[in-house]
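Below: a set of structures, written as structure tokens.
Two complexes, one shared chain (chain A), two partners (chain B, chain C).
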Partner chain A sequence: METKTIKESPLFWPARLKGPVLWVLDETLIPQKLKYIKVRNTKEAVDVIRKMKTRAFGQFLVVMQTFLLEINNVGNGGTGRGPSLRLLNKIQKTAEALNNSRPTFPFAEVTSIVVRWARQAIEKKIDIRVFVTKSIEGYLAGIRVRRLERVRKIAALIKNGDSILTHCNVSGELAMAAYLCRQQNKQAHFFATETRPYFQGSKLTAWELQRMGADVTLVADNAVGSLMADKLINKVIVGSDRSCANGDFANKIGTYQIAVLAKEFGIPFYVLTQPSDKVKTGRDIPVEIRNPRELLTYLKRKVVSGVVSGFYPGFDVVPHELITKAIAIDVH
Partner chain B sequence: METKTIKESPLFWPARLKGPVLWVLDETLIPQKLKYIKVRNTKEAVDVIRKMKTRAFGQFLVVMQTFLLEINNVGNGGTGRGPSLRLLNKIQKTAEALNNSRPTFPFAEVTSIVVRWARQAIEKKIDIRVFVTKSIEGYLAGIRVRRLERVRKIAALIKNGDSILTHCNVSGELAMAAYLCRQQNKQAHFFATETRPYFQGSKLTAWELQRMGADVTLVADNAVGSLMADKLINKVIVGSDRSCANGDFANKIGTYQIAVLAKEFGIPFYVLTQPSDKVKTGRDIPVEIRNPRELLTYLKRKVVSGVVSGFYPGFDVVPHELITKAIAIDVH
Partner chain C sequence: MSTDTDQKAEDRASAQDLALKDIEGSVILIQGVFKPAVFNLLPKGNGNEVFVMEGRPSLESANTTCQELLGRKIRPTLIADNMAGFLFYKRLVKEVWLSYQMADEQGALCQIGGLILGVLGKRHHVPVKLYPSSEESKLMGKQRDIFYFQGVKVAPANIKGYVPLMEWLPREYITEIHA
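Showing the complex of A and B:
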């Protein structure tokens, strides 16, 4: 029902299970192609995550649904103690493999929920297969509703005449909020940073905002300070990859300097978060250092000469002092 | 003689006149190729400037030497009043064409010097051809000496153990200073931003620093705040495209936000300038808005989908309050 009132962006729910296959939107091919990758098992799931075929919320969806794939792959071995323990073991191994796919996203926090359900089923002697499957499905349905609610909150935050800067991509929600604003006759302009090295802003954000009918302009990451100094931005809205108990959060590299600049210019800085108290402060978040190849080449062609080295932290951490307001969704 | 003691980077003096041809280093092909473009007249000079085949100091060299080309092209028509006035007219037309090539670099300030020499020759009834030629040659020789002096000043600024951030490219001087530091047994590390949209950092700065034996790491423009927060930078050294009477300067887009971040972290911010009092403050500098195609495509392939618009100011302005010290060279 909610999808009738809010037009949905492909990035809002980029992985869907159909029978024995999880179809994962290949975000690296956007905007040229809207193509879905077949994922049939944990190995293939880890692969799409590691190659950043999916990212942010997509990673979460892939992780959750990979358990459904594996439960399906194991086949119905019955409901006795033996088959149940074998399934628990399978779930634990799946969790472990997913946890080791990339460092910054809190995979272990997500997979531990599923492992807990599996253990509960065994303790309570209920059908582990049915219980875990229903739990995951119900959990995802709940998150879907709360994310749609958040889209409305973001739309409510946007006022007529706003000029909003965003960085990287917030998995459909901002674009859908932009769509809602248009429905509500609110004019807003969006500036999307290109978000080097991966160009998520150029490829995903500009594409989906435009697809949703929003007025969007792409700028270099280098232009943020200049736009702010020229009073062309009056709000910043970004997503987050990981939150801490104290309100600090990690997001795509570049978010931190945007937050510092926003503070310098007195521009409100909003972040969409998934609250978590597993990590105390931003200093405790492990920041993924990605392969510098992604910095040194583009479309498989070298940008630099032979032996130049690169340093590519994938994320940075924004301390809570720089946040005007966190728009939270509780995924736990 | 000075080139014996300081190894020279091709970017330090990227345009050289040989007979009737000005050979201009094609900076867009670096680091893949070290190729020089033939420039034989004003039209071709404007073309290499507009296409950013050359930039920064290279533009200045091309401008100055284009007058030598045109004086040569006119041929020796004698030294009487008629031929002298025709040559003055040619020089004025050359100046006008060059002034209109790109907005932010102060072409008119440079070309007006040559026009003044031409007028002086006519007033004093001396050979305009000889006087203007000798004046340009002497002027460039003087600048060469002062730039080499500045290379030594930059090297003196760099201390053992420094970790220096630079943005865009400073036409050889920083790389040559890095070379001098090595000669003086000073260890310094350089971080070069890639400098989107044109990748001058990836293509030029990383390449020439490495060529000069410096220890250089390439980072995304987005990583500056994060590097500073992690105390990985203790000095910033950048160039400038245009200076104002009050000390403000314009440089490649992104310089301004680096200056704001440096101030936030208490990191000294140094700029190499060509002082000028032609423009009062940074607000009076016309900032070139370049074709957004340069933002929307890379290696002729689109990064974004069909109709996304882009905004690409080529430069931004750093107010003098953010500058720790300007290392000046007077080119007038």
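Showing the complex of A and C:
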């Protein structure tokens, strides 16, 4: 199987359940350290999400596997009406806590899948614990296969001699596609934007592309126009955090201006999406406004002196008309 | 059916929209460092918000520009260089002020990032005004400039960097050039 030949990036599957502990890759420590955080319950799961220790696909994995943690924490017993309802209550409370962790990522869409399984188990009078556990495990296995398929689609999109701009980080998929391209003797160059204020482009994307043996160059976020005007890139590939029914999507702050520039310079703009029709258009997506302190300070040192305000929208929205093609996987 | 959780998310979104609505169409977005006299041209009084791009890699422009503004009792709002698009998308920007080093009938040599703001200005029909820079900048920085932030290394070892510091802004993206 070709699937087995794809070298995996640590960012591709950054959270793994082992016994009573969910081990979550601390993305804020990369590239200095590859360290996993111990998560044992919902509170700790919400904490790693809020503090951006994990993000994007990592959030999704944490959410799904937190239910497994909590099911384990409740212990045995799920067939009688009382234990079943107690477990359903626990699952609903877990869902609610996760839904309130951050606003832009569609947590409620993800958690509602698990709550639905729990309700189905009660309706069918089957063991809720076993049914939900098996459903989550099967669901994640399916997602894994689809993401690996998408890695191959991305690799197929990349042609010999391409120069590709990416922004923030697409959770391993682009780096793994770069690896596949090398296996296929395709030469491609990658430009990674540094992605202020958390530097996911510098710390994660440049790091994982380099680990995969890809030719990668780091640029400041403000150098994108120069790259395009000087014809140094011929494709843009980015990820997404949330999709809308009309094809608009939200992604890390900075994606919108890259899409506008790509349109202006006639450069194809590709996005990896997880389609959803729960939100009609990008105007309806709640964009998280984060604490400006995260922008105004770095490692507790002020970025500029004096009494200066800051504004830090965590995401922006790209209208569908700026997208050349969405490379989608069905997560429902 | 709407849940409490949905409602909380909507409330949060509404609160954000309300705050942004208050400054809709009132932001003057500044990039670069102007000659000191240019800062005196900024409109006085309420109704204007001055946002300043941080200007990677050196951040020198953000530092200097913020100090010039604070000295004129204008409290600036700092944003990262990748956040300008959001302001345009939300229709917050009234006009863009860019510093330029030299200009002719074809366009102007601006600090890196000027082209992003020029293209956004064109798409959103926002005037892009150019004012002379206070200093001459090199065309290219060193690779290592982008590997560090505030003296702390943020990039992996043995990576390449491309660090243009200036770029050409064609005339079609410029509304006014002030001498």
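Basically, the second predicted complex is superposed on the first by the 326 of 332 C-alpha atoms of A that agree within 3 Å, B and C clash if a C-alpha of one lies under 4 Å from a C-alpha of the other, contacts with A are read in each partner's own complex, and residues count from 1 in each chain.
Assume a contact is a pair of C-beta atoms (placed from the backbone, for glycine too) under 8 Å apart; a residue touches a chain by one contact, two chains touch by 3 or more.
This one's a predicted model, so the numbers in the text were calculated from it and none came from an experiment.
In the three-chain model built by superposing on chain A, chain B clashes with chain C.
Once chain A of one complex is fitted onto chain A of the other, the partner contacts of A:L218 extend to both chain B and chain C. Contacts of A:E264 after superposition on the shared chain: both chain B and chain C are touched. Once the two complexes are overlaid on the shared chain, A:G138 sits clear of chain B and of chain C alike. Of the two partner chains placed by the overlay, only chain C lies in contact with A:A108; chain B stays clear of it. Of the two partner chains placed around the shared chain by superposition, chain B and chain C are both touched by A:Y312.
Judged by the touch definition given at the top, the superposed model places A:E96 against chain C, while chain B stays out of reach. Superposing on chain A, the segment of chain B with clashing C-alpha atoms against chain C, chosen from 25-33, 43-51, 133-141 or 187-195, turns out to be 187-195. Shared contact residues of chain A, touching chain B in one structure and chain C in the other: 31, 191, 194-197, 199, 202-203, 206-207, 210, 216-226, 229, 253-254, 256-257, 260-261, 264, 295-296, 298-299, 301, 303-313, 316-317.
Taken in their complex, chain C has these residues touching chain A: 3-6, 8-10, 12-13, 16, 19, 51-57, 59, 62-63, 66-67, 70, 75-86, 88-89, 112-116, 118-120, 122-123, 146-147, 149-150, 152, 154-164, 167-168. Within the complex formed with chain A, the residues of chain B that make contact are 30-32, 191, 194-197, 199, 202-203, 206-207, 210, 216-226, 229, 252-254, 256-257, 260-261, 264, 292, 295-296, 298-299, 301-313, 316-317. Within the complex formed with chain C, the residues of chain A that make contact are 31, 95-96, 99-100, 103, 108, 167, 191, 193-197, 199, 202-203, 206-207, 210, 216-227, 229, 253-258, 260-261, 264, 286-287, 289, 295-296, 298-299, 301, 303-313, 316-317.
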